[in-house]
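Look for subunit A in each of the two complexes below; its partner is subunit B in the first and subunit C in the second.
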Partner chain A sequence: MDLNLLAQALVSGILAAGLYALVSVGLALAIGVIGIVNFAHGEFFMIGAFLAYQLFVSFGIDPVWSLLLVAPALGLIGALIYTSTIRFVLKAPELNQMLLTFGIGIILTNMALLIWGGDPRTIAGIAYRSIGYQVGGVSIGLVPLASFVISFTLVLGLYWMLARTPIGRAMRAVAQNRTGAALVGLEVNRVYLVAFALSAALAGIGGVMIAVIQSPTPGVGLAFTLKAFAIVVVAGLGNIRGVLFASLFVAISESLVATLVPNGDTLRNAVFFAIIFAVLVWRSRRVA
Partner chain B sequence: MLHIARRLIVLVAALALGVTTAQGVTIGVLSPLTGGSAGTGLAQRAGFELALQEINAAGGVLGEPLRIIVEDTQANPAVGLAAFEKLMTEDDVEFIAGGFSSGVTLALIESFRTFQPIVMWIGGAVSGIGIDGFDGIEELIGEEEWFFHVHPWDYHNVEAATAFVADTGVQTVTLLHEDSAFGGPGSAGAQALLEDAGLTVPLREAFTSTLLGGTGDFRAAIAKAAATNADMLYWIGYDSDVVPLTSQIRELNYRPQHIFGAPPGWPSEFAAAPEAQCVTGLIGFMPNLPTPEAQAFTRAYVDLHGAEPDNYMAALAYANLWAYADAINAAGTTDQAAVIAELQTGTFRSPIGDWSFQPSIIAKHQGFTTDLWLVFQYQNGVREIVWPLEKATAPLVSCR
Partner chain C sequence: MSAPAAASRAEARRGPFPWDLLGVVVLAIIAAFTPDLLRFVFDRASVSYLSIASNALSLAILALSWDMLARTGNLSLAHAAFYGAGAYTTALLVKHADVPLWLGIPLGGVVAVAFALLLGSFTLRLRGIYFAIATLAFAEVLKSVVHHAPTDFAGGNAGMNVPALFRPVFIAGEMERWEVAYMRNEAYFYVYAGLLVATVLASILLQRSRLRHAMTAMRTNEEVAGVMGVRATRVKLLAFTLSSAFVGMLGAVEAHRVGSVLPEQSFSVATTVLALVTPIFGGLYTTLGPIVGAFGLSSVQELLRRTFADGYLIGYGVVLVLTILFMPRGVVGTLGTFFRRRRKGAQR
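This part shows the complex of A and B:
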């Protein structure tokens, strides 16, 4: 076994966990606070990627700076979608909620297809995408490292917000008991609106990162949505704290299998489905 | 009553003779207009639109304007099957054009056989020849008279790529390939041909394309390739894999002499990206191909669509529709046997040059073969043709 390969696999897995955590925490927020499984989460992510691309092409804005524009834009889009659609199905059966968010995802995908077409887009002219620092035979990519630092900072910031700020405490209260929170005077609908907008904004930031790492296409969100669902399941539905550790677990497992097994990259999806399966079986046995 | 009977007799006679109605000839087109392969499908549609405009400006087909009905397959076998059956049962077309994705093509073969229209197909390269336990398109189609395959088969692609690799003088080649009916058989064929040519292939490793559910993190596969220290990295994947793959090769400090890719298309803005420098690729058509046909096509394409064709499927679609128009006009009828005879014997125009159908290993009608392929290299933001030498616009440079 080549130790350099093993070390590279660990480093790549740890760095990949940052983006996974960022995408997943938004989904966990929607599930945990609002109680809705948002199947359009990957499409928010995709819209974020395309907005970063468009800001670069139209105004020459580097993705590093477009983060500051795309996050509020996605927050606004999320707020509009919540106000115009989601809030009407909060008390509807779960299947209706899922169908609604699934439909929103299809609409967003086709809007992207109309506006940007189906060709993979490229944010060209950014040299830092290919930079890697060599540390003892292991390469640490600048973009994955930055993405890891930004993602973990944001996720930790979200934890802090939930624990220490009035809106964060309101979100936790609403998540625990919607009726009770309303009875003590919290505006539940406003809390949901903020939580959904924040979830979309976090997806938007992830989208900007993916616009740098690969080519935005209308279907770019799907793979990350699947990862996010896996991580949210491993963490426990709505468990925002668990997302960080689950992201590390899923990303490192994938990277090790991809590196150590011949043709292992093709087993990445099998790895996270196996993890979901194992976690669900383990939980059900524990409950029994 | 007599009047109605007379009209019925005329209609039946017209149908029996294969004469078109006043609406003219309609050709059904299957292309992926949405989904991950939409870039290729939209390029096909752009090529069809240009050919349609020119054909109708030149008098149409059988004296009437030609019509096309474009149906979206989404590069999804189930959607493609429904789209084909809609063309056959609702639109009553007799001719099918377009096509993309070996998976969709494989799913359609039985339905093609049921309806048996003339199918002139510009996608689906997986022949199945040389792969044990897998039946490819050419093997399943066999010697059907009504099937005309325009795009080269996978063994033609591999022959061209292998000839280029051998011409570069490299000794070792690592193969990375996406893991579907496109990349798997293609890379197996490439490995066999490269080894037959005396080259060493220390690693053939699969990855999941971003088009098919991958997240674009190819570092594990690239790290394994880097460990072989091969002279060339030869990868087979899709256009959405280009940016992550080439940037991660640099990020992981892998410096092969040549990075050679064979996706169906390349992202149009990739030329300006720093990681594009020195990357080489296999392609079926380039706007700067120094031939009169290519230049005329590129000018007309720019006039109609406002940009140069950056996906060779536009050129194949253009050739596809013109071949139908010329064959039906030469036959003077839409009668299937007559049109097939014209397609079998005719020589057709294309942006790549004149072409015709010849038998391939199994199939009776194969259009383009190894000669279609060019190799380009990104050099200072421009795609230069570097192979074959007689068509080259610049010499090949090493990445080291």
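This part shows the complex of A and C:
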């Protein structure tokens, strides 16, 4: 076994985990606080990526600055979707909620297909894209490193917000007991709105980063919805704190398979789904 | 004694009039004459109209078979897996075994059932969203496995060619060129119609049997249903079997009609999306709902496909969102409530 290769796989896995955690934590927030299983979550991510691309192509705005523009834009889109649709199915059967977000996801994907087409889009000609460092035989790209640091900081920031700030406390209260929170005077609907907008904004920030790391197509939305689901399921639905560890677990296993199994790079997705399936089935058997 | 009471007693003795079975007979008769009627009205253009009609029948089979499993309260996102299993079975048979072409269709159903029972027995204890995600994961794993199977076995990314089931011969002087295409499409149309009739019969028998109540109980609360004596495991596996058998055969027939199987196409998430949007639009947990939904959505799709090239699926998203928000019980459910209210109003 080539130790260098193993180290490289581990490092790539850890770096990827940051972005995964950022996207998944938003989904966990929607599930944990609002109780909505959002199948359209990855589409916020995808829209973030394509907004960054469009800002770069039309106005020459560097993706680093797009981060600051895309986050509020996605927050606004999330708030709009919440007030126009999600708000009405909060008490509907779970099936209806899932199907509603599924439908929203289909609309957003196909809107992107109509606007940008199905080809991959690259943000070309950014100097820092090709910068990398060598640390003892392991190469680390600047962009993945930066995305890891930004994501990690944001996720920790979210944890801090949930623990220490009034709105964070309100979210935890609403998550625990909707009626109880309303009785002690919390505006439940407003808390939900903030949580959903925040969830979308976090996904959007992740999207800007993927636009620099890869050359995304509109299909990236569904792919990341599924990845985020894998992570959230491994962490336990609604468990926001577990997301960080679950991201590490999933990202590292993905990276190890991609590197160590011959022809493994294309098997990445299968790894994700095999993990989800195994975890779900295993848990359901253990409980009973 | 009033007349209605006597009528209802007579009804109780003989059972209610089987409107549903009569409906199947009427549908079958209409289907039998559809190709000739289309040809009479549209002449040469009937070739493409027949193929649109086949698409609608195919969507109805897809939707109704999905609904049969949904009745137990399980939202499956693995329908594309069974469809793809059927498609690949017939393609593999053609490539590796010297058997008659038509044999791939029943065997496609059998293989789909095998996968469904495998998935079903693993996911027995999963509920709601967990079940949905697990089935989606299963479908994606199966897609990846097919994708990465040895190329000389299953064709890999490029897929495999599948020969057509019907090859009408062109006889110069006796018929025109387009009639060859017409005869081929006509033959496929009858295959789809036959499969749909079989699916509808299965669905009706299910609805008329005691299983209907077992399924409704499971949908409401599986634990309670179990306590009341519903053999939940058996019912669920039976629903998996019926649901996958028909969609597996459908996948096999479509493989022959399209002429190829590809991992991305045969196991496409879009198939699953169609399978669940259609019954929701038409009306869940009924026989009529998915069929109404299929004919409604096929028409919408034909219109959209002509306007947009790429993202025409957006129509399905819009339909799904609007249906959930404004008529969560689907077209059939909403119309049913509407007519019942009117009848009550008339009595008063």
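Going forward, the second predicted complex is superposed on the first by the 278 of 288 C-alpha atoms of A that agree within 3 Å, B and C clash if a C-alpha of one lies under 4 Å from a C-alpha of the other, contacts with A are read in each partner's own complex, and residues count from 1 in each chain.
Note that in this section a contact is a pair of C-beta atoms (placed from the backbone, for glycine too) under 8 Å apart; a residue touches a chain by one contact, two chains touch by 3 or more.
Keep in mind it's a predicted model, so treat the numbers as computed, not measured.
**Q** Give one word, clash or fit, describing how subunit B and subunit C relate on subunit A after superposing.
**A** clash
**Q** In the overlay, answer first, second, both or neither for which of subunit B and subunit C A:119 touches.
**A** In the superposition, A:119 contacts subunit B only.
**Q** Looking at the overlay, does A:9 come into contact with subunit B only (first), subunit C only (second), both, or neither?
**A** The first partner, subunit B, only.
**Q** When the two structures are overlaid on chain A, which partner does A:276 contact: first (subunit B), second (subunit C), both, or neither?
**A** So A:276 only meets subunit C here.
**Q** Looking at the overlay, does A:141 come into contact with subunit B only (first), subunit C only (second), both, or neither?
**A** A:141 sits against subunit B, while subunit C stays out of touch.
**Q** Looking at A:184 after the superposition, I want to know if it touches subunit B, subunit C, both of them or none. Which is it: first, second, both, neither?
**A** neither
**Q** Should A:258 be classified as contacting the first partner (subunit B), the second (subunit C), both, or neither?
**A** first
**Q** Check whether A:222 is in contact with subunit B, with subunit C, with both or with neither, and answer first, second, both or neither.
**A** both
**Q** Between 1-9, 73-81, 235-243 or 253-261, which subunit C stretch has C-alpha clashes with subunit B?
**A** The superposed arrangement places subunit C into subunit B at 253-261.
**Q** Do subunit B and subunit C land on any of the same subunit A residues, and which?
**A** After superposing on chain A, subunit A residues 110, 113, 117-118, 222, 226, 263, 266, 269 contact both subunit B and subunit C.
**Q** Please name which positions on subunit A make contact with subunit C in the complex.
**A** 37, 85, 88-89, 92, 94-96, 98-100, 102-114, 117-118, 222, 226, 229-230, 233, 237, 263, 266-267, 269-270, 272-274, 276-277, 280-281, 284-285, 287-288
**Q** In their complex, what parts of subunit B are in touch with subunit A?
**A** 32-39, 41-42, 179, 205-208, 210-211, 213-221, 223-224, 227, 239-240, 242-244, 246-248, 250-253, 265, 267-276
**Q** Taking the complex as given, what residues does subunit A use to touch subunit B?
**A** These residues of subunit A touch subunit B: 2, 4-5, 8-9, 12, 16, 110, 113, 117-122, 124-127, 129-132, 134, 139, 141-143, 210, 213-215, 217-220, 222-224, 226-227, 255, 258-259, 262-266, 268-269.
**Q** Would you pull the subunit C residues touching subunit A in the complex into a rising list?
**A** Going through subunit C, the ones touching subunit A are 75, 122-126, 128-130, 132-134, 136-138, 140-141, 144-145, 147-148, 269, 273, 276-277, 280, 308, 310-314, 316-321, 324-325, 328.
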